[in-house]
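This is the structure I want to talk about, given as structure tokens.
Letters A, B, C and D mark the chains in the order given here, with residues in each chain numbered from 1 onward.
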Amino acid sequence: MEQILNRIKDKIEIKISTKKRDDLYFFTVEKEQIEFILSYLKEQENFTHLAFMQAVDYLEDGKFQLTYMLYNYKIHINLGVNVLIDRKKAEMFSMHKLWPHIWQYQREIHELFGINFPGSPRVNESFVLEGWEEIPPMRRDFDTLEYSEKTFYQRPGRSTNDPKEYMKEKMYKNYADTPTIRREK
Amino acid sequence: MNRMSENKYKGFEADRSKYPEMKDGKPVIDLESHKYTKIWQGPQHPGVTGNMALELIIDGDEVVDTKTRVGYLHRAFEKLMERRRYIQCFPIVCRICVPEPDTNEYCVSAAMEDLSGIVVPEKAQWLRTLNLEMSRVGSFLMWLGGQAGSIGMGAIGQWTVGMRDFWLDLFEEMTGGRVYHMYMIPGGVRKDLPDGFKDRARDLIIRTRKLLVNIENTFFNNIIVKSRLKGLGIITPEMVDEYGIVGPNARASGRECDIRINNPYVKYGELDIKMITSNGCDAYARAELRYQELLQSLDLVSQILDKIPEKGEIQAKLPNVLHWKIPAGQTYVKAESTRGEHGFYMVSDGSEFPRRVFARGASYTHAISLLEKLAVNISISDTAALMVSLHTCPPEIER
Amino acid sequence: MKKKDINEIEKQMKLANEGLPEKERALFSDARPSSVAPLNKYLEGFLNWARSRSMWMLAFGTGCGATELRPLMTSRFDMSRFGIAPRPTPRQAAIFVVGGYASIKTIKRIVRSYEEMQGPKYVIALGSCTINGGMYYDSYYTINRLDYYIPVDIYIAGCMPRPEALIAGFNRLKEKIRAGECEGMNKYTDNFDWYKKNQKQIIKDWNMPDYNW
Amino acid sequence: MNIWIKILYAIISISVATIYGLILGGFVRKIYARAHGRFGPPIWQPFLDIIQTHGRRVAISHGVMYYLGPVFRLGGGLGTYLFIPVIYGSVVFANFSMAGDLLLVMYFIFFGQLGMALGAGQGGHPYSPLGIARGLAQMSAFEVPFSLAVIAVAIQYQSLNITTIVAAQQGSILNWTLFTNPFAVIAAMISLLGMNMHSPFSIVLAPQEIPIGPPIEMNGSFLGILQTNRGLFAAAKLVLFMNLFFGGATNLLIMVIKTFFIYLVSVIVGASFPRFRPEQSFRFFLKWPTIIGIIGIIFVAYF
């Protein structure tokens, strides 16, 4: 695996690369390089299986992180390729020429995150949402609780407690601030 | 009958010559011409597996075009997890896949442990292996009934689902829950095995094996079963990578992809486990392969029962879970469910709440792109059998 | 995020299959459903007895509750002992078992299937998620209370309810039917506008007929 | 004989047959349940179902043919039954047997299906025409071996009157067509499997494929009539088979025993096989059963 990483490093510049486990590596590339690096990994390095493709919303940084998780059947290693794209101009190249089934993920991300994939087949079809009028729900600035309370009728009598406060009140009342359970700093 | 048994891989490409028009590799279907009928199979249809729908366009009895429609079970788990603490995420994940919830539990616990660097004690790992393998048995039993039921043989379903219920009883003894177990909490497992559990489990294995002999005689050696399932839904070896096929569906096409062997997790590395593959590529080969795996799972359960240490810790020391902050990072943990690779991708940003959790279900590609590809030019009576033979489970598609 | 004003919906609503395109409107009935009064005491009592002994259930697994229906149908718990049988089409079914949480997309189908069923019809709602949302109380896509959209006769609590609990629920429904208390269908037709208003509030693209009778 | 007495007898006979057919249906459900390893519904469950379906307060209709469909079906069932002498030598159960009634009965077996096809077609559900197409095609397929068997019987006894055919089989068990012409009986029994629509020939109702096919839109009383007919029609078919091939019956008890065992054949096959694809089913009937039927005719004609 180290050799493969070195070979990739010869070709392009990798910003961050981490080894999570023996069989799991991650690295981050630029948006423009993604088409090249994925086809290189698939054709040359036998990372033929695309396990999934997903997006993470970094609202604070104004970025979306897209992850392509590849798998190599020969050396049994997972490799995650991360790309950061701008949140304001959320657009990404479609990879359906490499893996025909990736259009599903692109359709899902298009619907739930609002990222565009120009050229991806059936990307505008509805996946799970039907008649959705709000912003894409998986974005961090969409508050699901608020929406649920506004839209659906609540049955009275349901109460929610903040677990931290609630436990402090109920369980650790007697020994105030010196609980026996180790706390993290 | 065995339309595709000869020339297996050549004859696969759908014969589109009959259709009036082809544009960009897709048939143009004019519903106004009264030649075609559009039928929704599902969500209210006894033939579909769970709450999903197939939008079929049929020409007489033959399916011309298929589209899978999902989203009827969307509960937005991933969104809900973003606003729950790590330990609160744990009890909701098992709802993602109902017939086999333990894989979800394991994956999410293991992802948390992986991110925060907790090492699970030996005995807890053995108990996890036992739980995972038992859930595979239950799920396979249910699937076997479903496959038989989809071609109209109700008796097998009655037997296997009845037998699965006794496995659920074992689960209840072990974990306290029948369907949802919430057993493999982060850091270990909740409980030790009750007294006499091993004997009862071994007894049940013997009973299940007896039943399976009957099923082999009545189902797998049945000539009508063979005539219906052979040649149905052929997955060529080239399609495995193209469509991201995993699990038994890929193994029945000759691909060696079992996560338990390739990337051993929990204690699978210490068990005597063999890769089962087949070259049949069709629905019957998949059914037979799953049957073999069921037998293997039963064997593994008894191996695990022999190997579980009597004494030992079952819980690692955790920080106070209510304000448990996991260091920033990302990880992907996968396990082999009965449908194939089941994985959780978890991103933490160092706070008390996960930044993003994604559940990768095997049915995601099986039920949508693969099924849409396979369910063309088959008889409408085969759609249910084909869908079951891919072992689709809608809740893990839309989560 | 703008919430649609309920009164606004009410004002717009004329309830004559307005959600359908012009061409399809002719295909569906535009007669408003009306409630049907029970017959005289003895005849209705006899029919109720027969209804309670032969309960045809719609085979529509709407949620994870459907998993526990399978053991109930098969050899371990065998619900056919009590005369409960699954029917594959809503026209013939009398009992609708709503299996757990209902997403917006499913509630549309639930409403439609419910209206296609011929009365008298009964609804059993499984699981905590139909009562108050359960563990999906804050989800943007699952409803919290089922009884605002269709009338519910029996709730079975739990996540998920065990088959024994289901049998107990069915038995309770039997008692209620025999006592003549299950008039859910008349309740629905009497408060038709209210139910439709609630349904249209969550189902944003209303493209089905208003009357599915 | 006075025509009114005749009609009274016919009504008695029809009621007995319907009740027997329905109880038989309940019993069959019980047998299936035992094969599945469960208790199953009580045997009077079909009666409760019929009361319940008639007790529906609302019944949607799709037009005139939709009303007439179940009526035609019931008419087909009644017609089939009314021209079969149920019990040999009995006045009450003789029905309207006459010379050439065998042809009439075979016509009526088809008639109900056609009526049903018209009615179900007006329901408008896309699964109805699918089911009807399957049903009629299968019907044409299993009529071939059945007709061959009936022709063989007619040649053998030189008659198209069922009473005569039964009379010829009296005396000894060896006089039954089962022993005098086994080929025709085998062909006919195989087509009975198709007629009873248990697996593997349950392609019309196939709940996993086309949820119960033609009657998918039927509800309330329409369905109640269909279910009543199912009891009556089952009894009529079984009695016909008993008369043609198994020596008829001289009293009700023998009739019950014989028809039950004839029905058991389809039940045993049905419980242990899955369902054919439609085209497999059609091909099946046109292959071996047809050949056996032809052998049956040759056997009768030349030996």
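Everything below uses one rule, namely that a contact is a pair of C-beta atoms (placed from the backbone, for glycine too) under 8 Å apart; a residue touches a chain by one contact, two chains touch by 3 or more.
Model, not experiment: these values are computed from the prediction.
A count of contacting C-beta pairs for A-C and for A-B identifies A-B as the more extensively joined pair. Centroid to centroid, with C-alpha atoms defining each point, chain A and chain C lie 37 Å apart. The centroid of the Cα atoms in chain A and the matching centroid in chain B are 22 Å apart. Per-chain CA centroids place chain B at a distance of 30 Å from chain C. Taking the mean of the C-alpha atoms as each chain's centre, chain A and chain D sit 61 Å apart.
Shown for chain B are the residues in touch with two or more other chains, namely 45-46, 71, 74, 76, 79-80, 83, 158-159, 162. Touching of two or more other chains is recorded for residues 36-38, 207, 211 of chain D.
Residue numbers of chain C whose C-beta contacts span two or more other chains: 59, 74-75, 88, 105, 138-141. Contacting chain pairs in the structure are A-B, A-C, B-C, B-D, C-D.
Every residue of chain A that touches chain B in the complex is listed here, in rising order: 18, 20-21, 23-24, 26, 48-52, 54, 56-58, 65, 67, 69, 73, 76, 78, 80, 82, 99-101, 103-104, 126-130, 137-138, 140, 142, 144-145, 163-164, 167, 179, 181-184.
Residue ranges of chain B in contact with chain A, taken from their complex: 70-71, 74, 76, 78-80, 82-83, 85, 88, 114, 241-244, 246, 255-257, 262-263, 317, 319-320, 322-325, 329-332, 334, 341, 343, 345, 347, 355-356, 358, 360, 364-365, 368-370, 398. Residues 1, 3, 104-105, 108, 131-133, 137-141, 143-145, 148, 198, 201-205 of chain C touch chain A in their complex. Looking at the complex, you find that chain B touches chain C at residues 43-46, 50-51, 71-76, 79-80, 83, 91-92, 95, 98-99, 142, 145, 157-159, 161-162, 164-165, 168, 178-180, 395. Contact residues of chain C toward chain D in the complex are 36, 46-47, 50-51, 53-54, 56, 59, 74-75, 78, 80-81, 83, 85, 87-89, 91-92, 94, 118-120, 185, 213.
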